[in-house]
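Structures are listed in the sections that come next.
Next come two complexes built around subunit A: one with subunit B, the other with subunit C.
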Partner chain A sequence: MQQQATSRNAPLSARQQQANRRPLLSSRLLPYLLLAPALIAIALVIIYPIFYSLYLSLTDANLLRLSEAEFVGVDNYVRLLTREDFWQSLGVTALYTAGTVFFGYFMGLLTALILNQNFRFRGLARTLISIPWATPWLVVTLIWYVMFNPQMGPINVILQRVGVIDVGIPWLYQRDTALISIVIVTVWREFPAATLLILAGLQSIQPELYEAAEVDGASRWQRFRFITMPSLRTINLVVVTLMTIWASKLFTVAWALTQGGPGDATRVLSVYTYQEAFLSNRLGRASALAILTFVLVFALVVVYFALLNREEQEA
Partner chain B sequence: MKRLLVLVVLLTVLVGGVQVFAQDAVTLRLATWQWEDPAYLDFWNGSVEAFNEANPNITIEPFAFPIDQLWDRLNIEIAAGSPPDLLEVTGFNVFQYMDQGVLAPLNDCFEGTDIIENVQAQDEYAVDADGNIYALNLSARTLQLYVNTDLFEAAGLEVPTNFEELRAAAEALTIPEQEQFGLVLTNLAHSRLHEGILMMIAGYGGHFTTDGELNLTAPEVIQGVQFFKDLFDSGVMPQGVVDGGAQYSYFNSGKVAMTIDGPWYWAVMEGQAPDLLDHVAVYSIPTDSGLPTGGVNNLIGIAAGSPNFDAACEYLKFIANPEWGQVWTSNSRTIYAYADSVPAEFLSENPWFQTFADELPNAVPVAAPGLEIYHTDFVRMVNDKVVEILYDDLPVEQAMQELQDEFNEFLDDM
Partner chain C sequence: MATQLQTSGVQVMPTAKQTRSKFITRLGFALLVITVTLAIIYPFYWMVMASFVPEGYSIANAPVLLPEMFTLETYRTLFEERPVFTWILNTLLIVGGSTAVTIPLSLLAAYSLNRFRFFGRRAIVFFILMTQLLPASALMIPLFLIFRGYGLLDTYQGITIAYISFTLPLAIWVLWGYLQGIPAEFEEAALVDGCTPLGAFVRVTIPLALPGIAATALFIFLEGWNQYLLAYLLTSSSDKWVISLGLFSFIGEYFVEIEQMMAASVVASVPALLLFAVLQRYLRGGLALGGMKG
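Our next item is the complex of A and B:
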């Protein structure tokens, strides 16, 4: 006791002074230190490649002669923006995106409304509906490649058997049907994501609202129009925007099924970029395409956040 | 102190000796898509093993990917400045690699050897205007007619020898009720479609170019493309045949009377449809000119800037002889480019191979003369347009004019 009293009153040694300083782990640097590994990874994997692509887009870089790349300024952008095949590709991308989002959202809404009802085996149905979403893209394209086969594909066989067509349709090989075909495949794969998001939104709607409306004599359609859809506004915005972003940069389905063909009928921007970079070795021009696609998708993201912020403020 | 000095001296000698040894030891990377192909296993593994034994200070390591992945991987390595030392290339993309400076000239490597005298087209193929040779020709091939003899005998038909007979036989042997087709050819965007079209054009005595200039409105081109379209429209071939594998599947089923393919297909049938072999024969391609497409199809070069050029050159010289050529030919069923590479006993056991060997000197080159360095882009553009002709009924003359204009625009844009 006397020793402790003595040690409390004695001046602190250098070692004791150091021990009393705030340890590093509880300093204000801690959050940044903990975030640093992730930020470094993001910088290396995402930020650096974007800036390197931007640099390449200002050169005439050839994949096989990278060291001989020369600065050409905005020449690649001017060439792209004045070429018909760029605008054709942009138009195909817009059509593909619009079709995928419209039908994907519609299918998602329909199935979510059904799954929100009480019926036997509802749990099983909810599980089964997720199967397309859980299937890897490559497997999806292989399945549908067989489905669309002009001779032996089940789609043509069924349509012929019921008398809708006489001969099998070469779905993936005609200009008129190729784009629709890859939209069908994309919708099949992605609508479950919309279903799950919308279903979550439906289940957050207070049942008392429907009860009150029913008491007031509102029809089913009126309850859907004046209660369900307004309540889902934020969710709908999330679903539509996410699906738009996913569709506008999707590569696998267009490349695996049609490789951008027939002709340029399904040559979305991602396929066009791949062809320029790895088939024609025009890395500079491909990088310019990639940057333009990035700007397009980024603009969509900005719109999404602006609309979401407006929704939140109105709420 | 003395002990320490001795130790330091010993260590210096040891490290220096290891370094000297390390400097003499060379590791070569050899890129080919055939490393795991049974048809080429004996050649690549055997020659590499024998070369390593003969040259203990040189080790050859595989750079192996399936062909549909290899070019992307290779291009990335080239872009990164670390290409494999030895590159097997095709008779189509070699020109692009030459033009892009990817391959090193081999004239010095071949000096003092008999390679140029004995390797087919060695002083013609993969040679630039200055006479620089950029690759060793490994193999050559043509495409010929495979016939299901049972189907022909059952129909009482003779094997066709020209376009008219080909059309008639294909139509007579197409029986939709039995899901039987007269002919199967790739008819979707694939290099085989391009060559199928060229086959018909060459059958009328033409090519995509005339005197080195693109000429898609030439009568032989229009006639050739139209003939292919007419065959397609008459229903004698299944639609949606995407590549060689799909072509094999149809013919292997025994329900297709004819196909046109290379000598490797016999090896494929041995593996996939051995029961069919006794009912298959090979004949000369049935076009009016009788000229097959093909020529040099595989080559091997040394990467420009490879620090191991001399060692790589030794390997090229090691495999350029009839002994390894006979291993290649016997196993792969393609003709090794070095003279006397078709063993007599192989021919007597495989009489079907004689047609391929006999027709090789008549082969029409697949890469359009004058446009070799644009071959990849040209094939893609031809395929896109032909698919529109076949599936969207774009008129042939209009399509060829459009293609001519598009390709000229492409050249202006280069």
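Our next item is the complex of A and C:
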């Protein structure tokens, strides 16, 4: 580089002068100009709608009489927070989130530990285990719609043939099992993401650590407890964060499989928002609900990010 | 110290008992692998299997493993009775449209965020990350009302615009990560040779980023193929249904046609699985960077 520059000294300096002058003018504005189209689009399809929603949440807007909406202040928020419906829905969402994160993580860890061993057909096992994650959500929903069928659904048929139950369980249609069913469906679809992330984490642990522990006579469990898990701390946080965000976005499964029911057994916040807005026509209250949901997710993610930051600084 | 010597001594000369316990461990591990894998894949296997049996077979026989019959008839009636091709075409049109808008915008934005240091840059990055946290349920009410006001409900344009609300932040995020992997030296060399910054971007960066752009486009496509809530809310006439709405129409039918349902599911899975296979290489990076979407 240096040599080239000196050998072509004269023409380059002239060119560089020219080049220097232009960026001076443009390089200040250029990044903003490049960003402008994307930011304008985001402003139109995200920011404006969100502010509109914020405004709606302060009115008594009704889907059928939108023009008659009147400003009511924080009335909608007060009503939501003092009503049992909201807390019930929040509780269902919290249970659903905790369930998917816990079991999703557990399945991810289990399969990642398996795939981290050396065995024949490992590639095949890895591909097969990833398939649920590649399956479209609506397909996942349809598959499990059949799986849970009380009469011919394979889950009930297998349980009956093994002799665990006599009569098929209407998984999706009774209070006790509806939420569990939806957790199962979600975990089945999402855990392979955890598997791949945790597997990557496992593979980045230095083998010397295990060798040293083995020399010191550490048992399998001790190696797992004192080497594997501490090394996975950052990855664990990432997995938990992602799965929490995904859980907060759930709508498809809860809506397509149970419509939030039976009763309010699977009425997570997104389904509750949908029902308030488009079945009860209460746009104001539904908007307040949407805003509250976002604030909650945002707060949770901020906490996770803070933990993640601390983790990275310690590392 | 003593135990250490002991264990290393044992390892040199394994006894018969030890070989047997090793064998048992390996057998146990193999059983574990097989059980876990089969349990995970079983629902998917069942879907494929049920799509190849005569209609009505599943309800009558409740098959759990291999069926005794095989036919392609279900696929024929599926395509005859339901406009599957229209669903696919609609999806391609809408996802293709939003991708065509998203890619250029996100590429420019990702380039800007990557190669320039300017006031407000960090805030914008954080802001774009935050937009990914927005659930579709937070956008659905205002989008529905705005679209109703502009006559965009139940139109291809409307759904395409709605899809941009989740493809754009995702694409910026993924491309941002990809561009970080391309050294700026190539562009600097072009600048030294007299290229304008934009010229360097077009002639150097874009060709180098093509694989990443292609991966992003496929990633967006996969997300669009999966999208349900916005399509469900903004579409009313069945001739504009995207694939997810077509699949949803099977649920709640009075007479559940299980075989057709599973055949339609197989049809909808194939493109997604193929794309996934292509993208697998990028998924780890993509997941860490752009994987905020479910």
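The rule we apply is simple: the second predicted complex is superposed on the first by the 290 of 315 C-alpha atoms of A that agree within 3 Å, B and C clash if a C-alpha of one lies under 4 Å from a C-alpha of the other, contacts with A are read in each partner's own complex, and residues count from 1 in each chain.
FYI, a contact is a pair of C-beta atoms (placed from the backbone, for glycine too) under 8 Å apart; a residue touches a chain by one contact, two chains touch by 3 or more.
This one's a predicted model, so the numbers in the text were calculated from it and none came from an experiment.
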{"item": "Room on subunit A for both subunit B and subunit C (clash or fit)", "value": "clash"}
{"item": "Partner chain in contact with A:Asp264 - subunit B first, subunit C second, else both or neither", "value": "first"}
{"item": "First, second, both or neither for A:Gln151, with subunit B first and subunit C second", "value": "both"}
{"item": "Dominant contact partner of subunit A by residue count, subunit C or subunit B", "value": "C"}
{"item": "First, second, both or neither for A:Gln174, with subunit B first and subunit C second", "value": "first"}
{"item": "Which superposed partner A:Phe278 touches (first subunit B, second subunit C, both, neither)", "value": "both"}
{"item": "Partner chain in contact with A:Val162 - subunit B first, subunit C second, else both or neither", "value": "neither"}
{"item": "Subunit B versus subunit C as contact partner of A:Leu66, first or second or both or neither", "value": "both"}
{"item": "Touched partner set for A:Thr135, first subunit B, second subunit C, both or neither", "value": "second"}
{"item": "Common interface residues of subunit A - those touching subunit B in one complex and subunit C in the other", "value": "66, 151, 278, 283"}
{"item": "Sites on subunit A touched by subunit B in the complex", "value": "62-67, 79, 83, 149-151, 168, 170, 172-176, 259, 261-264, 275, 278-281, 283"}
{"item": "Subunit C partner contacts - residues on subunit A that touch it in the complex", "value": "12, 15-16, 18-19, 22-23, 26-28, 30-32, 34-35, 37-39, 41-42, 45-46, 48-50, 52-53, 56, 66, 110-111, 114, 117, 119, 125, 128-139, 141-147, 151-152, 154, 157-158, 161, 188, 190, 193, 196-197, 200, 215-217, 238, 242, 245-246, 248-252, 255-257, 269-270, 273-274, 277-278, 283, 286-287, 290-291, 293-294, 297-298, 301"}
{"item": "Subunit C - residues contacting subunit A, complex", "value": "3-4, 7-8, 29-30, 32-33, 36-37, 40-44, 46-47, 50, 58-59, 62-64, 101, 104-106, 108-109, 111-113, 115-116, 118, 121, 124, 128, 130-131, 133-146, 161-162, 164-165, 168-169, 172, 191-194, 196-198, 225-226, 228-229, 233, 243-244, 247-248, 250-251, 258, 261-262, 264-265, 268-269, 272-273, 275-277, 280, 283-284, 287-288, 291-294"}
{"item": "For the subunit B and subunit A complex, residues of the former touching the latter", "value": "72, 75-76, 78-79, 81, 96-97, 100-102, 188-189, 238-240, 376-377, 380, 383-385, 387-388, 390-392, 413"}
